[in-house]
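The chains carry the letters A, B, C and D, assigned in the order they are written, with residues numbered from 1 in each.
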Amino acid sequence: MKKNSLSPIIKELLKNGTVNYFLAYGKGSFWFKVRPLIIREPVELKNLEWNRFCYPNLTTYLKDSSRSQDKIGVVVKGCDVKSVVELIKGNQIDRENLFLLQVPCDGTVDPGKVENLVWISKLKVTGFEETGNGLEFITKEGRVSVNKEEVFFSKCYKCDFAPSPLVDRYLDEERLEKNQPSIDNPDLYEELRIIEEMNPEKRSIYWEKQFSRCIRCFACRNVCPVCYCPTCVFDQKDTSWISKGVKPEENNIFHLTRALHVATLCTGCGECERVCPMKLPLMELNLKLIKEVDELYHYKAGVDLQSISPLKEYGKDDYDEFK
Amino acid sequence: MEIVAFLCNWCSYAGADLAGTSRFKYPANIKVIRVPCSSRVNPTFILKALANGADGVMVSGCHPGDCHYTTGNYFTRRRLLLMKRLLEFTGVNPDRVHLYWISASEGTKFAEAVKEVVEKVGKLEKNPMSSIEGEIRYEKK
Amino acid sequence: MKKIGVFVCWCGLNISRTVDIERVIKEVSRHPQVVVSTDYKYLCSEPGQNLIQKYVEENELGGLVVAACSPNMHELTFRSVAQRCGINPYLCEMTNIREQCSWVHDDREEATHKAIDLIIMTVEKVLRSDPLYSSTVPLTKKALVIGAGISGMESALDIANAGYEVSLVDKRPYIGGHMTQLSETFPTLDCAQCILTPKTAEVARHPNIKILPYSEVVEIKGYVGNFEAKIKRKATYVDWDKCTGCGICVEKCPQKTYSEFERGLKERKSIDIPFPQAVPFKVTIDKESCIYLKKNKCGVCAKICPAEAVDFQQQDTIIEEKFGAIVVATGFELLEGDDLAEYGYGKYKDILDGMQFERLNSSSGPTSGKILRPSDGKEPKELVFIQCAGSRDREKGVPYCSRICCMYTAKHARLYKQKVPDGQAYIFYMDIRAGGKGYEEFIYRSVDEGNILYLRGQVSKVFEEDGKLMVWGMDTLSSKKIEIAADMVVLANAMIPSQGSKLLASILKVGTDEHGFFQEAHPKLRPIESLTRGVFLAGCSQSPKDITDTVAQGSAAASKVMAMFSNDTIKVEPVVSLVKKEDCSGCFACEIACPYGAIEHEEYKGRQVAFVNAALCQGCGSCTVACRAGVVDLMGFSNKQILAEVEALLWK
Amino acid sequence: MKYSYFPGCTLHEQSKSFNQSTLASSSALGIELEELKDWYCCGAVFPLRADDIMSLLSPVRTLIGAKKEGKDLVTLCAACYQVLKRTNYLILEDREKREKINNYLEEDYKGDVKVLHLLEVLRDNLGWLGLREKVSHPLSGLKVAPYYGCLLLRPAKEMTFDHPENPTIFEDFLKSLGCDVPDFPYKTECCGAYLGATAKDVVSQTVYNILHGAQKRKIGALIVSCPLCHYNLDFYQGELMKEKSELTPIPIFYFTQLLALALGLSTEVCHFEEHRIDPLPFLGVIK
C-alpha cells in the first residue's frame, strides 16, 4: 500500500484538467481513522493518506454531486466500484464527469477487531507499521503485532474483486491479480446462518432487542451510497410513514423499509453497520436480501451497468408461492 | 383480532363484492382497504399495519397474467416475496402476511381465503411487531 | 381540517338487519371531525340524496362519507350528489357495509363493530383527500393506419366513411397486403383478387384516405389525441406523378432479382410492378439489385421511359404529421429457417410453403395456376401437406396454434384435386381446428368429396431420394410408420409477427407479447386497445387470425377511433400519479414500472426528474411503490390517505 | 491448448483405434490431452428416473476430478460426452438435485467444469481453416459422409452441440480434411443402439437402411464418434453382407482415424485390424 505513487497521479490529473477536484482519503485524528479529503489544489495533497484503515466508501459523497457539472476524481477500492455502478444506474452521476482511480487493496483492517485481539485500548496506540504479513502497533510500552488476516473487515474476506471497465486508471497494474485477500470459497452468507438456524421465537426476540436500541440517528441511511433520494421517505413532511419522534415500536418499520429500499441496490459495502453508533447488525438484513435476490432472480448489485434490478423488472414465470 | 386486507379494485375487490351478493359467510375480523392495483400496496403499508395493531395482513390481486394494468401484479409478486422472506428472517411468522390471487368471479375463493387467513393468524402468538395495543390515538368527543 | 358528514344507509333491511345502525351513528359521531352522523332507509333514492344535500348546506360540510353498498354500485351516484352540493366529488368516499359487511356476517355485534371501524377508516381517508379535477386535452381528428393489408384497409375505410381523414402507410410499394398473393379463400373458395380489388380501388380513390405506400413510420412523439408522427417515404427512384405504369421499362430492364411477391418461384426485374392489379399501378426500382444504382452503369429504364419518370437522384423523404389515433395493422410473416430443418425447407426445391403454393394456384402466378414442380416443371402426382410446420411446438418454432393452417391446407388439397384429379393428396395433421362459420363443413366436404387422405401424426423427416421426396411420418391412429415417396411437399408454416414489429412497438411505446405480437390491453375485455391510449390493434399484428376475424378487428379498431373522434377533446381522469419534483432523485425506477410509458423526463433545477403525463397514466399506482422516497404519489389513493386508513385501526 | 482428457471405458479398453488416433492427431495439432488422474465410469446411460441420484454420483466424481485439475474436460465417446454434459447441466439447473447429490459427496460440485467434445475444440479453438492448413495429406477423392447418431445431438437444449435436425459440424470437419461430402439424410437416423442385445433383427434393419441409403448416394465410407454406432454399423454390416448380395462394403471410421491419415500420421495409430469391414481397399483410392 503506497501513497507516494498516488500523489503524482492526482497532481497530474488536476493539472491537465481531467478533473476539477479529487475525492481521496486524508489523515484522520487517530491512527485508525482517515477522513474524506477534497483536493482542489496540489498543496492539499500533503494531507493525502492511503493505508489499511481506508475502509470508508468515499463514493457516498458522490450522491450530492449529481447536480454539479464538475469533473470529479475518486480514489476507489475494488468494492467501492460496485457502488459507483449503482449510482450510475440510478442516474445519480454522469459517467463522463467521473474519473475513477483504483488503488490496489488486499483488505482493510477493522480497528475494533484489533482492539479485541490485542487487548489494548485504541487510544494507547500512537502509530502502526506494516510488516509483511502483519501489522505492528506502537505503544508507549512497546510494540504489539497482529496477523493482518485476522483483523480484516468481514466484507474483505468475501471480496470478489474483478477488474471493472469503469475504472479509468489502476494505480498498480501488475498487482491486479493480488487485489483481494487470498480466501478460497468464502462463505458469503456466514453471518446469516446463525440467525436462520434460530427458532422463530428466538429470532423475534433477537431482532426486537436490536431494533429497540436504535436511536434513529439515520447515520446508516446517510452514509449509504445507494440511499440517494434528496428527501428520504421518512423525512417527507406531509406523510407520516413513521412517527417523527423516536417510538421504539416503529423502529422495525424504519429498518425493514430501509433494507427493502436498498434491496437489489446494496453492494454489501457494510458502511451502514460500521457507522451505527449503537452497533446494530444492519448488514444481516442487507445480506439476507442480497441472498434472496440472488437465489430467486440470479441478480447481484454493482456487477455491470446493463443488468436491471429485479425489483424494476418482472418475470411472467417467476417463482410463485402464493395462491 | 384485526386483519387488514388490501384488495385490488378490478379483481379481488369485485370478488369480495361477489362473495357478498352470493351471501358466502366469513369472519368479520377483516377490514378492507381498496386500492386500484395490488402493485399500489407499498410493503411499508403492511409493516405499518402490523405495527399499528393488525394481527395479520392480506393482499390480493388479479391472477398473474390477468392484471387489469397487465403487469402490476408481477411487481407485487416480487416485492411481497422479498418482504415476506425478510419478515420471516426477523422472526415474524410468515403466516402473518398473505398474498392471494383472486379474480372478480371467485367469490367463494375470497370467502375461503379470509377464513384461511383468520384461522392461520388465530393460531399465532401475539404480534411481536405491535406494541401499541390499546393506545388511543384519537380524542373522542 | 374539514368537517365530515357521515351518512349510513339501511338499504331497507339489507344492512339494518345485521348492523345496529343506531349504535354506528352514535359511535361514529364521537370522531372529532364528524359533525353530522345520520342514517336513512335508502340513501340512493331521491329523498335520500336530498337529505344529504340538506345536511351539507346546514353544516357547511367539507367531505362526505356514505356507508352503504359497494362503491362499484353507487360511487358515481354519490359523487354526483357531492358535486351538486358544491363539494368536489373526490371528497366523497363510500364505505362498503353491505357486500363486505352485512351480507357476509351473521353476528350482529361483530358486524356493527366492523361497520364502525370501516367508517372511521373512510373518515380518516376523506380528511386527507384533496379535491381533484378532470382535465381535457385537445384532439387532432385524423388517424394513422399502419399496414395496408385487409385489416388496415378496412379500418381506414370505416374511419374515412365516418368523415375523418386517414393516412394509410405500408412498407410495400402497393396496398392490399398478403391477400393480394392468395388464390382462392376458404371456406367459400372465392377468388381472393375478385373480392379484394374493389376494396383496394375504393381505398385508393377515397377523398379522406391518403395512401402512403413504400413508407415506414420512424418516430412517434406525443400522446393520445396528439401524436406527432414522422413517416419515411422510401425512394422509388421513379416520379410516381409522371409514371403511367406502361411497363416498357420493366420489359427492357436487363437485371433480374428475387421476387418477394412470387416468394422466389419466379424472378422479377429490378424495376417492376409486382402484379397486374397492383394499386398504385406504378413502377419501383429495387436499389439492392439495380445496376445503375450500384455501379452507375445501364440506366436503360431512364432512357426508354416515355414519361421521363425515372429519377436516380430521388432520396428518402420524411413526412411529419399530427394524428389523434393510431391503428396498428402490420400483419404476419411465415416462419422460416432452422426451425423447419427436418422438413428440408429451403434445401429441396419441391418443398414449398403455403404462400408459395398459393402462388402456384394463382392464375396470375408463375405457372398461370397450374400445379407444377419448381424443380422440373412436372405435375406432382403424390402431394404431401404438412400442417403445424413450426406451430404448436414447445421445443422449437412457436408454441401457439397459427389458427388458419387447418383450413387453408384443406383448401389447398381441394384445389390440387380439382387440377390434378388423378393425383393423391395426403395431409399430416395434429388435430383439425375448424372453429369458424362453415369451416367444419368445409373440412368434411374435403375429406368426403375430395378423396384426401388425412393422417393424424407428425412428420419426422423429409429428404430427397431417387428423384422423390421421401416423407417419413407417423399415423397415430393406426400406430404405423408411414413412408411416402412424394413429388411435392407443402408446409403450413407457422405465422409469426411481421418483421419490424418489435421496432415499431418500441417507436409506439406499446408492448409485445412473448412471441412478438402486439400486446392488447386486456386479453378478454380489451382486445382492440393497446396499452397506450389512442393506439389500437387490428388483424394479425395482435395474433394469428383468418381474413374474417381480421376484417372484424379492423372495423372494431375503426369504431374505437370514431368514438374518440366524436368528441372535441379527450377527458383525462384525475386519478393519476403526480411527482413532487423537488424531491425526485431522478432514478426513474417509476419509469420502468409504468406499463403505459406515462413517465416522462423533465428538467428541474439543472437535473432530470420524472414527470407524469396525465393523458397516458391509467392510475394503477405501481410507480408509487417503485419510488423509494414516496415522491410519486397517486391522487385519490395517496400514501397519506392509505396510511391514514391503516392508522385508523387504532380507533377502539 | 491444454485439456483434461476423459477416455471412458471403450476408448481405454476396446477401441484402441479411436483412442490412439485421437491422441496422436491431437498432439500433432498442438492440442494437449492429459488423461484425468482419477476417473470413473461415466454411467454409460444418463439416468432418466426422477429419483435416480446414485447413477449420477460417478460422473459427478469425474467432474470434480476435472475441476481439481483446472482445465476444460475433453471427451470423445458420444455416450461419455452425453452423460457428462447432461450431468453438468442438471447440476447447474436443478438446485434441489444438486443439493441432494452434494450430500453424498465429500466435496460440493457446482457445475463449473466445461465439458467439450474434441470436435468442438477443433471448431472453436483451431477453426476449420486452421485445421485445413495443418492437413498434409488431403483426402481428396474420398466420398465420405458423417453419421451422427443420436447421443451427440439430443436433447438439443442440454447438449447444445449442433442443430438436432440438421447438424453440420461433421461435414465441416470432413471438408477441412479435403473429403467430398454428399448430402446424407440418414445421418441422424437411429442405428439400433442397445437393441442388439435383445432384438438383433431390429438392428439389422436399421443398419441396412443406413447402409443402403449410403450406397444409393455412392458414399464410400461413414464416420462416427460413437463406439456403439461403430459396432452396429461395422459388425452388423459384416453379418448383412452374408445374405444381402446387393450391399457393397462401406467401411466405418472413427472421425479421428481419418484425421490421423490426413495429418500424415502412421496408419498404426489407426488400428485398422479392429475393423470388421476392411477399410484398406477404400483407402487404396488415395494411396
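What we mean here is this: a contact is a pair of C-beta atoms (placed from the backbone, for glycine too) under 8 Å apart; a residue touches a chain by one contact, two chains touch by 3 or more.
In this text the structure is predicted, and so the values were computed from the model without any measurement.
Novice: Let me check something: if the centre of a chain is the mean of its CA atoms, which chain is farthest from subunit B?
Specialist: Relative to subunit B, the chain whose C-alpha centre sits farthest away is D.
Novice: Using mean C-alpha positions as chain centres, tell me how far subunit C is from subunit D in Å, no decimals.
Specialist: Their C-alpha centroids are separated by 50 Å.
Novice: Please work out the Cα centroid separation of subunit A and subunit D, and write it as a whole number of Å.
Specialist: One centre to the other, that is 52 Å.
Novice: So what's the Cα centroid distance for subunit B and subunit C, whole Å?
Specialist: Chain centroid spacing, subunit B to subunit C, equals 34 Å.
Novice: In subunit D, which residues are in touch with two or more of the other chains?
Specialist: none
Novice: Hey, what residues on subunit C touch two or more of the other chains?
Specialist: Residues 593, 626, 630, 639, 643 of subunit C each touch two or more of the other chains.
Novice: Going through subunit A residue by residue, note those that touch at least 2 other chains and give them in order.
Specialist: 233, 241, 311, 316
Novice: So which chains end up touching which?
Specialist: Chain pairs that touch: A-B, A-C, B-C, C-D.
Novice: Under the definition above, what is the set of subunit C residues touching subunit D in their complex?
Specialist: So the residues of subunit C in touch with subunit D come to 338, 341-342, 395-396, 461, 463-466, 470.
Novice: Applying the document's contact rule, which stretches of subunit B touch subunit C when the two form their complex?
Specialist: These residues of subunit B touch subunit C: 2, 4, 13-14, 16-17, 19-21, 23-28, 31-37, 39-43, 45, 48-49, 52-54, 66, 68-72, 75, 79, 111, 132, 134-141.
Novice: Mind listing the subunit A positions that touch subunit B in their complex?
Specialist: 192, 195-196, 200-208, 233, 241-242, 248-250, 252-253, 256-257, 259-260, 263, 285, 288-289, 292-293, 296-297, 310-311, 314-316, 318-323
Novice: Sort out for me which residues of subunit D touch subunit C in the complex.
Specialist: Residues of subunit D touching subunit C: 156-157, 163, 165-166, 183, 185, 213, 216.
Novice: In their complex, what parts of subunit C are in touch with subunit A?
Specialist: 514, 582-589, 592-593, 605-608, 626, 628-631, 638-640, 643
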